[in-house]
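Structures follow.
One chain, subunit A, appears in both complexes that follow, with subunit B as partner in the first and subunit C in the second.
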Partner chain A sequence: MTSKILHLIGGDADIGTSKTFWIGFVIAVILFALYPTQVSEFRASNVSYYLLNIPLALGMALLWGYCGVLSFGHVAYFGIAGYTYGIIAGNMAGNSFGPIAGVLGGLLASALVAGIFAYFVFYSRVREWIIPILTLVLTLLLETFLGQTAGYQWRVGSVLLGGYNGMTGIPAFQIGSFVFMGYSFYYFCMVIVLACYVGLRMLLNSKFGQVVTAIREDPLRTEIFGYDIRARQWLVFVLSALLAAISGLLYVQWGNYITPSQVGLLSAALPVIWAAVGGRTSLLAVLIATIVLNWVTFTLSSQGNQYAMVIIGAALVITMLFFPRGIVIMLAEWIGKVTNRKNSGAAT
Partner chain B sequence: MANQFALEARKVNKHFGGVVAANNVDLKIEPGELRCIIGPNGAGKSTLFSLLCGIQRVDSGEIFIQGHDVTHMQPFKRVRHGIGLTFQTNRAYQELSVKHNLLVPNPSFAISKETHQQGRERYMLALEEFGLDQNDDTPASEIPHHTLQWLEISMVLAGFPELVLIDEPTAGMSRDETDHTSMVLKKLNQSGLTIIVVEHDMHFVKNVAQKVTVLHQGRVFTEGSLDEVIANDEVKNIYLGHAH
Partner chain C sequence: METDALALSLTYQFGTNAAFLFLAALGLIVILGMMNIINLAHGELMMMGAYVATITHNQLGLPFPLAVIVSFFAVAVFGAILELLIVRRFYGRELGALVVTWGISLILGQGTLLVFGPFMPAIKIPGGSYSYGGFSYSAYWLILIAISIALIAGLYWLYRYTNYGLQARATMQNAEMAKALGVPTNRVYLLTFSLGAGLAGLSGALLAPTSTIAPFMGQQFVAPAFITVVVGGAANVISGAVGSSVLLSAIKTPIGMAYGAFLGTVALLIASLIIIRIMPDGISAAIQKLMDRRRTRKTK
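Showing the complex of A and B:
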């Protein structure tokens, strides 16, 4: 049983299967765990922001990298979860179960919208290249709708939707009387990211994951092995929407606000860029790229630098021209080659 | 309604614009048969396979697999009645390892316990004869063309089908590789597997054929033993005349 689980985690669905890799992985996790003890709560909170975007990015890797379906509008599910959490937890302010109800409501709302949308897309066998456009349209519709919700008439219970200024005063997450903020929120994010990464690695190393990868390579060939590929694409789409929803929930719990621009064009492009720059066919590569690119944009824009998005755009162009399979993946392959050569050199 | 055929097509029609790809095609395949379908380019051989598997829908007519009416079924459901298909252009998963390729097909779609056992034996036979290793980590893109053809046949057998449609298995193979392919297919057929092969290579057809169907312009032109078909002057005219 244990060995089966270890096999699922360590399988070759993602880069990094050697012992050296796993030692490095554990060291990295320990370093991340020790980081808050060395820095201020403010710095730790900034890193929480890089971490909370990772589930969304992993969802992109799952859907686009492993299943071959590009969504240009997964931030819609990020936004739906964030707003739903704000409405539920805001209305239940003072009740310690409010945030948990908000989390459940947010996940459910995102899964519901994603489920209905994906049903029409996959069961009508929409052509592959149309899907990015449809998903983008959905999120832009959502942005437009939310943008005109300014004014007192747009409220749900006691919570104002807030138009372009967005929803404010969203409660932090809490279990019982323990409120996740600052350092504790950092660890909360870290545990969730780790669970998402390990869980996805297990999923993709399973039979289900192998079939999903086969659908990416050749949908028709896979269908003629007897698989209802529509059902699998649907499930992967909903799963990736749930991952986006997790990021959306963490985002509003972190910043206590959300605006329609979170589901706008610029925000919609970012997860696609993180996945492309890192290398969408590897969970780990996307995870690393998400941390690095968020660190770059966050640091630059908090210094008042106007060029953050230009730099992110340039990273995408450089990736497409010189590292078509992703910078992190190609770097990892290069490291693998060099160490192999050293090892075989030492043996002879 | 039930019938005794492994596969039956009744008055199947299909046209694309003005091009008639299938014109009242009737085809009856007995269980355990090894049938060759030949015909000049554009005779509708591959289209017929697409229609049988449901990749394309018939304009009119009916299709039965093992007695089940599958005319209006999605492709994946037809497969679950025990049919397998290899494509005219090889469609093994190029970017995935040989191991991963062989893991994708799912024998649990096969119908009964009995077919499971037979299916496993046939699959193991194919792996052995084709020299394929289930644990081979080599990407499919790095193996030779003829092995890739053998891989796709093995992948189809990994789903434990009762009936396989094989589209031009020996295209691009050397004489030795072609002979080996025909030998393995004959062995599989002897184990009870029903096989329908579309093939251009007359050497291969001579090697394996029990019964031959000649398609021409979407119609079944003639059907019979290889000798009968070859002796037919009109077949010489349409087939050998055009193709060579």
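Showing the complex of A and C:
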């Protein structure tokens, strides 16, 4: 049983299968775990922000990289989950079950919208390019809708939606009487990111994951082999929407606010850029790119640099032109080649 | 009398909505139909057209019709440069093209903000307005409806009677066979992308007086344009653009009048989901199928 699970985790659905890799992986996890002990709560909180975007990025990798379906609008599910959490937890303020109910409600709302949307696009067997466009339209409409909810008439219970200023005062996450903030929130994010990564790796190494990858390679052939590709594409879409929802939930628990620009065009671009720059066909590459690119944008924009979006856009264009498979993946392959050459050199 | 006025007003609303959708989607659908590429920088190309028109009209004092024509050529040249430098490498990789044009749109939008600042003085709407039975009609929108019809006729002529149109239709049907028969497909692609970009610039310039001129103004055209293209499909540029904008306008006009513009757009999205559930390749493919069936029946 354990060997089966280890096999699922360590399979070749993602880069990094060697012993050296796993030693490095464990060291990296330990370093991340030790990081808060060395820095202020503020710095740890900044890194929490990089971490909480990772589930969204992994969802993009799953959907685009492994299943071959591109979505420009996964921030919609991020936003739906965030707003739903704000409404439920805000109305149950004071009740220690409020945040948990908010999390469940947020996940459910995102899954519901994603499920209905995905039914229409996948069961219609639309052309490849239609899905990214309709997802983009959906998220733009959501932004327009949320943007015009300013004023007192737009409230659910005691929570104001807040128009372009957004929803504020969203409660932090808590279990029982323990509230996740600062350092504890950092570890909370870390555990969730790790669980998402390992869980997705297991999923993609399973038979289901192999069929999903086969759909990307050749949908028609996979279907003729007798697999219902529509149902699988639907499931993968909903799953990736749930991952986006996890990020949305963590985001509102981290910053205690959310604005419509979180589902706007610029925000919608980010997950696609993380996945493209890292290398969408590898979970780990996307994870690394998400941390690095978030750090870059955060550093640039906190210095008041207006060129942040131009630089990010240029990074996307350059990646697509010169490193179509992703920068992190190409670096990883290069490292693998160098170490292999060394090993074979030592053997002869 | 009352119902007359209401009917006339509804017709006018229907016409303006259809003209808006048609203008917003035209450049996009020209490029899509030919090369299977969705140009996500479409909204930003429209924004560029609006900026060129505003600058040449307000600052250089060019008459507005001339400014619109200048916008067409300026954005067409820019489109040709984009095709040569970037888009050319993505033929046959639809999703790659989508992503790279999105990167371009981010650079264009943010770049415009940095160069020109957040606002531009708007262009005054040319022409006055008429009123009849309690409803008012803008002369400019009537002109836009007329221009849309003229554009349809112009495109029909271009695709049907010119050498470029023949080569373009051949490339669309079967690019490899066209190439083997000596059609310079690369040049056809370059011209088509440039034409699509130019039409986006033209539409942006034409719609500029009706909207605020800002770096991210392209975003307001993105949703309606993409819905129109998705519903229209890529089988035939003209029947796709016309059929889809007429059908969607028929949906948007009553709902928008009764419940406001936002719900009108939401209705567009829902309608498009249902329409692609029925015709996955869009209206143009459905029309094509219908015509093919009729033709085979005739020959029997």
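Following the convention adopted for this analysis, the second predicted complex is superposed on the first by the 348 of 348 C-alpha atoms of A that agree within 3 Å, B and C clash if a C-alpha of one lies under 4 Å from a C-alpha of the other, contacts with A are read in each partner's own complex, and residues count from 1 in each chain.
Going forward, a contact is a pair of C-beta atoms (placed from the backbone, for glycine too) under 8 Å apart; a residue touches a chain by one contact, two chains touch by 3 or more.
This one's a predicted model, so the numbers in the text were calculated from it and none came from an experiment.
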Touching partner for A:145 - first (subunit B), second (subunit C), both, neither: second
Which superposed partner A:217 touches (first subunit B, second subunit C, both, neither): first
Partner chain(s) touched by A:130 [first = subunit B, second = subunit C, both, neither]: second
First, second, both or neither for A:34, with subunit B first and subunit C second: neither
Subunit B versus subunit C as contact partner of A:228, first or second or both or neither: first
Subunit B versus subunit C as contact partner of A:314, first or second or both or neither: second
Which of subunit B and subunit C A:207 touches, first, second, both or neither: first
Dominant toucher of subunit A (residue count), subunit B or subunit C: C
Residues on subunit C engaged by subunit A in the complex (per definition of touch): 32, 36, 38, 40, 86, 89-90, 94-96, 98-100, 102-107, 109-111, 113-114, 216, 219, 222-223, 226-227, 229-230, 234, 262, 265-266, 269, 272-274, 276-277, 280-281
Interfacial residue positions of subunit B with respect to subunit A in the complex: 53, 55, 74-76, 79-80, 84-85, 87, 91, 93-96, 100, 103-106, 109, 137, 155-156, 159
Of subunit A, residues touching subunit B in the complex: 12, 207, 210-211, 213-214, 217-218, 220-229
Residues of subunit A touching subunit C in the complex: 64, 68, 70, 72, 117, 120-121, 123-130, 132-134, 136-138, 140-141, 144-145, 148, 265-266, 269, 272-273, 276, 306-307, 309-310, 312-317, 320-321, 324
